[in-house]
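This is the structure I want to talk about, given as structure tokens.
Letters are used for the chains, namely A, B, C, D, E, F and G, taken in the order the chains are written, and counting of residues starts over at 1 for each.
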Amino acid sequence: MEVLLAIMVGTLYASGIYMILRRSLVKLIIGIILLGNGANLLIFLLGRIAKGSPPIIPGDSKVFLEAYSDPLPQALILTAIVISFGLQSFAIVLVKRAHKVLKTDDLDEMNATDEYS
Amino acid sequence: MKNRFLANLLLTFIWVALTGSFTIANILFGFILSYFVLFIITRGSGRARYFKLVPKLIGFFFYFLYQLVKANVQVAWEVGTPKLHMTPGIVGVPLDVESDAQITLLANMITLTPGTLSLDVSEDKKVLYVYSMYITNREEFIRDIKDGFEKRILEISS
Amino acid sequence: MTLDNYLYYIILPALSIAILLVFFRFFKGPSISDRVVAVDLLVTIGIGVIAVYSILSHQPTFLDIALILALIGFLATVAYSFYIQKRKDRDK
Amino acid sequence: MLSAILLGFIFSIFLVFAGKYFKGKLAVLSSLVPLVLFLYFLSFIPQVASGEVIRANYQWVPSLGLNLDFALDGLSLLFSLLITGIGFLVFAYTAAYLKGHDYLDRFYGYLGMFMGAMLGLVLSDNLLSMFIFWELTSISSFFLIGFNNTSEASRKSAVLALAITGSGGFLLLAGSLLLGGVAGTYSISEMVGLSDSIVQSESYLWIVLLIFGAAFTKSAQFPFHFWLPGAMKAPTPVSTYLHSATMVKAGIYLLLRFTPVLGGEDIWNTTLITVGGITMFYAAVHTLFRTDLKGVLAYSTIAVLGLLVFLIGLGTEYALTAAAVYIIVHALYKATLFLVTGIIDHETGMRDITRIAGLRKVMFPVAIAGFLAALSSAGMPPFVGFIGKDLVYESTLHMGTWSIVLTVLAIATNILVLYAGFVAGIKPFTGTLPESFSKVHLPGFLMWLPPVVLAVLGLVVGLFPGIIDGPLIQPVVSAVGIDSELHLKLWHGFNTVLGLSALTLAVGFAMYFLIKPSKSKERGVARFDFISPLSLITSFGSAFRTFSNWWTRIFQNGFLRNYVSTIILFLVVLVGYSLFSDHDGIPIDFSSFSRMTYYEMIIMGIMFLAIFFVIGARSRLTAVVAMGVVGYAICLMFVIYSAPDLAMTQFSIDTLTVILFVLVLSSLPKYLSISDYKMKAIDGVLSVAFGILITLIALEVLGEPVNKEVSNFYADNAYVMAKGKNVVNVILVDFRGVDTLMEISVLTIAAIGVFSLLKLRLRRDDRELKD
Amino acid sequence: MTDTIIGIIATLGTVFVLLAGVGILRMPDTYLRMAVTTKAATLGIGLILVAAAIYFNDLSTTTRVLAVIIFILLTAPVGAHLIGKASYIKGNKLWEKTIMDDLDGKYRKTGKNISLPRNMDHDKEKH
Amino acid sequence: MKTIILRTASNYMLPLLLVFSVFILLRGHYLPGGGFVGGLIASIAFVLHAFANGLGDTRQLIRFHPGFLMPAGLTVSFLSGISPIIFAGKPLMTGLWYPHHLPIVGNLGSALFFDIGVYLVVLGVTLTIIFTISESV
Amino acid sequence: MTEQLVIYPLITQMLLAIVLMFFWSRIQWQRVVSILGSLINLGVAVWLFVTVWQGGTLSIQAGNWEAPFGITFVADTFSATLVLLTSIAGVAVSSFSAGSVIPARLKFGFFPIFHFLLLGLNGAFLTGDIFNLYVWFEIIIITSFVLLTIGGEKAQLEGAVKYFTLNILASIVFLTAIAVLYGLTGSLNMADLASKVAAVENRTLVQVNALLFLVGFGIKSALFPLYFWLPASYHTPPSAVSAIFGGLLTKVGVYALIRVFTLIFEVDPFLENVLLAVAVLTLFSGAVGAIVQNNIRKIFSYLVICHIGYMIAGLGMMTEMAITGAIFYLIHDIMVKTNLFMMSGVIYKIKANHNIRKLGDFYADHPKLSLLFAIPLFSLVGIPPLSGFWPKLSLISEGWNTDNFIVIAAIIFASFITLFVIVKLWGEVFWKTGEKLPEVRNFPYFNKLTGIKKAQMLAPIIFLSVVSLYLGFGAGNIQNLAERIAFELMDNQEYINTVLSK
């Protein structure tokens, strides 16, 4: 299974970068989201995956009696997801503003700040 | 009516606490038990409405289930057979129900049964536009709805 | 045949097929509404899959996710239809 | 001794604050500063002459080996006296020369700073502290050259001078550090003892080349000489002080200082002789074609600097003695000539030699000074210049096989230097006074006395060479590492040298009378400017600028996609190389992986398809909806792989993102698909390579052993210690609560950002950045 | 016994879900797809959830299952209504065999692009 | 969107979702949920309300600017994070626990307040972002 | 409980940020609170620094969970120094912002965000946990996004799009690196990772992981060829923002690189070559870029890039002395670059222009200011004995000792170009007779400002200039400090023992 998941992660990374390279503001954001998902899944995968054993101590017991999946990557990803949400919201608004002020969606036309003044 | 319902719930809770068993069956049993107890101890028409309502509600529920299953089967046949037999259309159903809640309930009931779909309510809340897969006759379709869901909604909510 | 096996070999595959069918509609479109309907249906079937999976793994915890799916998936649909109503015919 | 050096700096810092009040009399009084120092150094002559080295040590950055170690030996003393002595005259002269100038305080400030730096340079026994002072002289020179800062020519010259001497400074730094590393010490006196091992070390060549680089740039040797004529843009006192008497001699000082450490090797001597020889001849010839008085003097200064390097290169007892003498000679007469030129400039407002004449009639004392200095520069007996020139010929003649060539070179140079001296010191005063100069008059004594003093000193020293021989020259020569029995004499009897001197004078006089400076000649030689080092360096400069432009454009080209591709390419190449280079394959342990189930495959399959759908979507909303599907698939994956909290969060966030998109989408532009197929293909290859790399890394990591120490701790203690059963939540609010606290801070900041981005509408007045 | 009941209920639910899947694929227009499918799934999923509730047979699970079902019943029809209305406004074509359309002209009088508030805040826009 | 169906439904769902969000918040220490998801659900409740009734109504409902919830929530989390420094001389984020077991909540400790802070911040953030965006479309 | 001291700088900044949020639109209060708070924070930082200097490394375990299980905060000399520098820059920029940032921006959260940024920086310097470092980095980038875009002018937005994308990319790479690290070791505590990474048998993967960190932090540090976001954006926001960016943002990347490559990963020959090549090209590209610019802030931006090369060169050579040089340069650079961007802000307030071709007359009109500005300018060049000079001693001599001649050449080249560029700038801006610049309507010209505003802008420049002068003339002390830091970094046992309380 891990093989498939690893390929999935690679696909997310590849498609994320590909979308970022597409010159379009909207695609840029989509690319960033895809990349973020890829990174989260990578943490998840490399923390090793396990099926059907959520890291929740059951019922009345005080410790795990059976196998449990690693909770730490999950906590990390949670943090990462939330942070990316903050960044994405900002990005979406930034793109909206940039489009409105700069009047273009073509990133190739946004090169005035790299011009010499 | 609200008091009755609350009393009913309270009694249920007491029952559950007494028996100490928090299973769904026990709670259901407690509810029915206390309902009957309340039914027995209550007199007067004003207070009796709660006890008329509950059976209607249950009736409504089963009517809805019936419609749901019936329509699902109808759709199953439609989907499962190679040919398409639909005669779809959008019909404006004049409304007798008035409050927003009633309209919403009616519209949702109609939508929830497969094959029909509430598209919109007119600005003056007098007409409900319903999309349906099988319309042979506008009046018949309207009557179905008015005698079916709308009548029952009016019963339970007024 | 135990319940687990039944769920695993019959029910879950059937749901999977349903998902594939719906996904195919998502692919085909053709209108954005069709896709939204498809996604909405996907989420709904997802709830079912989660329910079956929670039985299979004996973890009622997963049902909580179903709860969230039911609540929040709706909001996405609201948002889509909000957008469809709002936007101009730029998109085609 | 530190206070002696610091005095100059303190003086200039004082001026920063008291500048407003610094006018007239005070300026004159300020010349007491160098005077006091001069007398102070003078007092050391007996001790130094007896071979003593006076030392003073102060700690600064001991761990770097950098301490303020000062040592006063013959060489330092000679330079210290020049710096303070000429400094005194220049300070006094300036008070009159720049009288009433708005920025007199600044000027004195820079002068004071320069003097301090120069003293520090010649007194340092620590290589690094010497470097520090070296750089400070360049900087103060920069400010002085650029003193007339509204003139573009001044600014350009200042920048050019600093660029050349500054780069030399960096070479000195590198050389010093290398030398210090090889020697194990930065103490110059200690290095003398380690000379043998330094010379034999592998780094010797590097050291010598770097030190040469420093010395040649500072002392304006060919081909780095061109900054010096430019530096003449500075007010004349500066030219006198820095660009003739002292600062340009710092390179000479450096070479002399390191002769006992690095000298004696072929590479040392040959290079110095060659460079010095070329410089002196090249510059001397140039004096023929100048009509600006300061230009003439500048080139003749370069010629003398070349001569000094040449002499150090010869490295014999004679040559080094000659060098020591020539330093004094040159300081005396060239300073005089500059001061004289300054007076002419100041009074007539011009320096064009073709138009200035007859000034003796209006400024006789100045004419005397010019005349005396010119004769000294010509090497006429009994001027000190004669002694110097004698020693030069003496040393070239003793050079065996090469002696003829070297002597001829020396003679030619001396002839031309003579010519230059005459042009600058005599020509302005002879002939008839033009009508336009009728109102020209002798300036105040503050201006004419310093040149006269210097010129007379040249005569006095020539007559009585003993004044400098024992007290100054011998200690210099011994400081340079030579036990000399040679004594200065005016008269050596009739010998070859005298003949050569006579020849020099004769030809020189002839040239002076036959060849007149003229504009046409100047223009004529200007036609060859394009091959001059200056124009070469200038065109190299502009070529470099073009290159810089190109290089900067290549990378900072304004296209975000290029930035991203470059970064990813860098990553892929680097990581790919590392991953593939080390062993024959990438070990992936497939056996450790779990079994694939159909439902996982279906979820993955849907996710793959949805991703491709996102990529290929033609409409924004379709892409967003497809993104939603990708998110929901991930959510399902989290369910399957036992991460309910993640599933919930992923789902909620995904939905919220969709809502955000939907809210802004209608105000967003069309969904562009602009790239052509070629771009798509290139980007596709790069992206896929990146994706494959990540996949391979992931698979390889999965084959590694697992360490679950930390997560087991969480699992074991979640309830027992932290009283929670949802371990993920316990981690979030307890074990790693700090992460969460910061995560909600990130959210808050993002929200503020969104708020200000959308709500803050600057008024039209504020539209352009005002803060 | 319980297992059998669970099996039967789950099977029923799955059948409905499958029907929805086939329906959404087969139906010729957006409205038909919605009408046929969206809520067929509701019934199906409801049944599957009931099966889960029976399986776990404890209060907290059952309440949760009930909550899910209630949520679905509450939200699904509203969602369908919204998409349906949106599709109609957007101008999704009705299937050619549609026999009547009482809504015809209701929205399109104002032109092709129905004028809708640009702002979610439509109440505010009035004043 | 002008539809009474959505409006009515949303009016019923708002309290339901809010209660549900608090439920998710409180049980987070034991079962999936917690301040983050809780806050999201709460904000979704308001967003839904805003979709159906317009932003003005929702603003009236909340009365104060949702942005205020951000510093408020941060304060709660921050204080519960540094309370061990102030009250117990222990490092920040050290759990402080009320010794007795409480219904629903379970163990009452600083972690719960921390999670409440998270809830408030998430609610404030989401509402601020969404309200701001829809106001400026 | 001296260990508590480690997080006091964080607590003060967070408190400030929250309090300032409550003062949302009362900008006069915000100014006062921010400056006073920054001063208090400086006091705390000094206290921390002195304590660490005297008593050695401190560490505290958040949540009282012993390392490596909780999140550790560590203040070794390196961290304490950087926190101190951040606080110094913080005080300066806080005051400068109070004086220079227009009210419209202040009303939209400038100060709270600014203190969040300082919080992020301090957190990044103090944390001993690699994932926590990621979180601090995120605080830093989100605050920098907001500060970069606040006001939303055209250039700001355009720069921000690039800045945003590339910094997000850096975060993703960083996160990827953390994933691999966790997958290999199962730990996140940096002290713990030191031994765990060393124990990993698959060295290829360790190297790959190190390279991922290099690229992730390299983007943040603006190394070649990863620096593109910097010249595209640093000249677009208000000067106060540029100041804190120019001084500290890239440096936190450098800090992370140094930390990670001294504590967690060892620099093998391949990495060494990569680092050195990158350093050389960074020095080169930054220098070459600075030559061709005319906008003051763009010149400084390229010099920011260029000078990062020194530090990376020091890291690449990986000897104690080279690290010493890198650290000294880091200290110097933070102070000077912050000051220079503030300086450019004052020039802008006076002339309403950033173009050196158009500027001029500064020396004639403002001699005292010119003299003041000369201090950071020539410190940057490293005119001895000013601060920029000292680290080059260590770097060049280590270059000789390790036979890295190209590195020496690059260092000298970069120093030379810096000299040239600054001298040119001096000539153009200070010496030249400038163009008559058109009066900008309603521009808050410097001389129209109140005395307090002027003081708020100039005081920090004087303050930082004095600090840089101290760095130069008191180089002995700074060198000692840098040496101690380098020693602690190279011999990380004290760090590890303190954290893991062995």
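Convention: a residue touches a chain if its C-beta (ideal position, glycine included) is under 8 Å from a C-beta of that chain, and two chains touch if they have at least 3 such contacts.
Listed by chain with UniProt protein names: A = Na+/H+ antiporter subunit C; B = Na+/H+ antiporter subunit E; C = Cation:proton antiporter; D = Monovalent cation/H+ antiporter subunit A; E = Monovalent cation/H(+) antiporter subunit G; F = Na+/H+ antiporter subunit B; G = Na+/H+ antiporter subunit D.
Everything numeric in this text was worked out from a predicted model, so none of it was measured.
Student: Just tell me the minimum hop count from chain E to chain G (Na+/H+ antiporter subunit D), counting one hop per pair of touching chains.
Tutor: Graph distance in the chain contact network comes out at 2.
Student: Moving step by step between touching chains, how few steps can get you from chain C (Cation:proton antiporter) to chain E?
Tutor: Contact-graph shortest path, chain C (Cation:proton antiporter) to chain E, evaluates to 1.
Student: Which chains are shared contacts of chain B (Na+/H+ antiporter subunit E) and chain D?
Tutor: Output, common partners of chain B (Na+/H+ antiporter subunit E) and chain D: F.
Student: Using the touch rule from the top, work out which pair, D-F or A-C, shares more C-beta pairs.
Tutor: Output for the comparison: D-F.
Student: Taking each chain's centre as the average of its Cα atoms, which chain lies closest to the overall Cα centroid?
Tutor: Central chain is G.
Student: Averaging each chain's C-alpha atoms to get its centre, pick out the one most distant from chain D.
Tutor: Most distant chain from chain D: B.
Student: Find the geometric centre of each of chain A (Na+/H+ antiporter subunit C) and chain F (Na+/H+ antiporter subunit B) from their Cα atoms only, then give the gap between the two centres in Å, rounded to an integer.
Tutor: Chain A (Na+/H+ antiporter subunit C) and chain F (Na+/H+ antiporter subunit B) have C-alpha centres separated by 24 Å.
Student: What is the distance in Å between the mean C-alpha positions of chain C (Cation:proton antiporter) and chain F (Na+/H+ antiporter subunit B)?
Tutor: 27
Student: Would you mind pulling out the distance in Å between where the CA atoms of chain D average out and where those of chain E do?
Tutor: Their C-alpha centroids are separated by 77 Å.
Student: Would you please write down the residue numbers of chain F (Na+/H+ antiporter subunit B) that are in contact with two or more other chains?
Tutor: Within chain F (Na+/H+ antiporter subunit B), the residues that touch at least two other chains are 1, 3, 5-6, 9, 20, 30-33, 36-37, 40-41, 44, 47, 51, 67, 70-71, 74, 78, 92-93, 95, 125, 129, 133-135, 137.
Student: Residues of chain A (Na+/H+ antiporter subunit C) that contact two or more other chains, please.
Tutor: Chain A (Na+/H+ antiporter subunit C), residues with two or more chain partners: 20, 25, 28, 38, 40, 42, 45-46, 48, 51-54, 56, 72, 76, 78-79, 82-83, 86-87, 89-90, 93-97, 107, 110-114.
Student: Can you tell me which residues of chain E touch two or more of the remaining chains?
Tutor: Where chain E meets two or more other chains at a single residue, that happens at 15, 22, 34, 37, 42, 58, 67, 74-76, 78, 80-82, 85, 116, 118, 120.
Student: What are all the touching pairs of chains?
Tutor: Going through each pair of chains, those in contact are A-C, A-D, A-F, A-G, B-E, B-F, C-D, C-E, C-F, D-F, D-G, E-F, F-G.
Student: Which residues of chain A (Na+/H+ antiporter subunit C) touch chain F (Na+/H+ antiporter subunit B) in the complex?
Tutor: Within the complex, chain A (Na+/H+ antiporter subunit C) touches chain F (Na+/H+ antiporter subunit B) at residues 54, 56, 78, 82, 86, 89, 93, 96.
Student: Tell me, which parts of chain A (Na+/H+ antiporter subunit C) touch chain C (Cation:proton antiporter) in their complex?
Tutor: It comes out as residues 51-54, 56.
Student: Using the touch definition up top, name the residues of chain D that touch chain F (Na+/H+ antiporter subunit B) in the complex.
Tutor: Interface residues on chain D, with respect to chain F (Na+/H+ antiporter subunit B): 644-645, 647-649, 652-653, 655-656, 659-660, 663-664, 666-667, 721-726, 728-730, 732-734, 737-738, 740-741, 744-745, 747-748, 750-752, 754-755, 758-759.
Student: Residues of chain E touching chain C (Cation:proton antiporter) in their complex?
Tutor: So the residues of chain E touching chain C (Cation:proton antiporter) come out as 3, 6-7, 10-11, 13-15, 17-18, 20-22, 24-25, 30, 33-34, 37-38, 41-42, 44-45, 48-49, 51-52, 55-56, 58, 60-61, 64-65, 67-68, 71-72, 75-76, 78-80, 82-83, 85-87, 89-90, 92, 112-114, 116-118, 120.
Student: Can you name the residues of chain F (Na+/H+ antiporter subunit B) that touch chain G (Na+/H+ antiporter subunit D) in the complex?
Tutor: Where chain F (Na+/H+ antiporter subunit B) meets chain G (Na+/H+ antiporter subunit D), its residues are 67, 70-71, 74-75, 78, 82, 84-85, 89-95.
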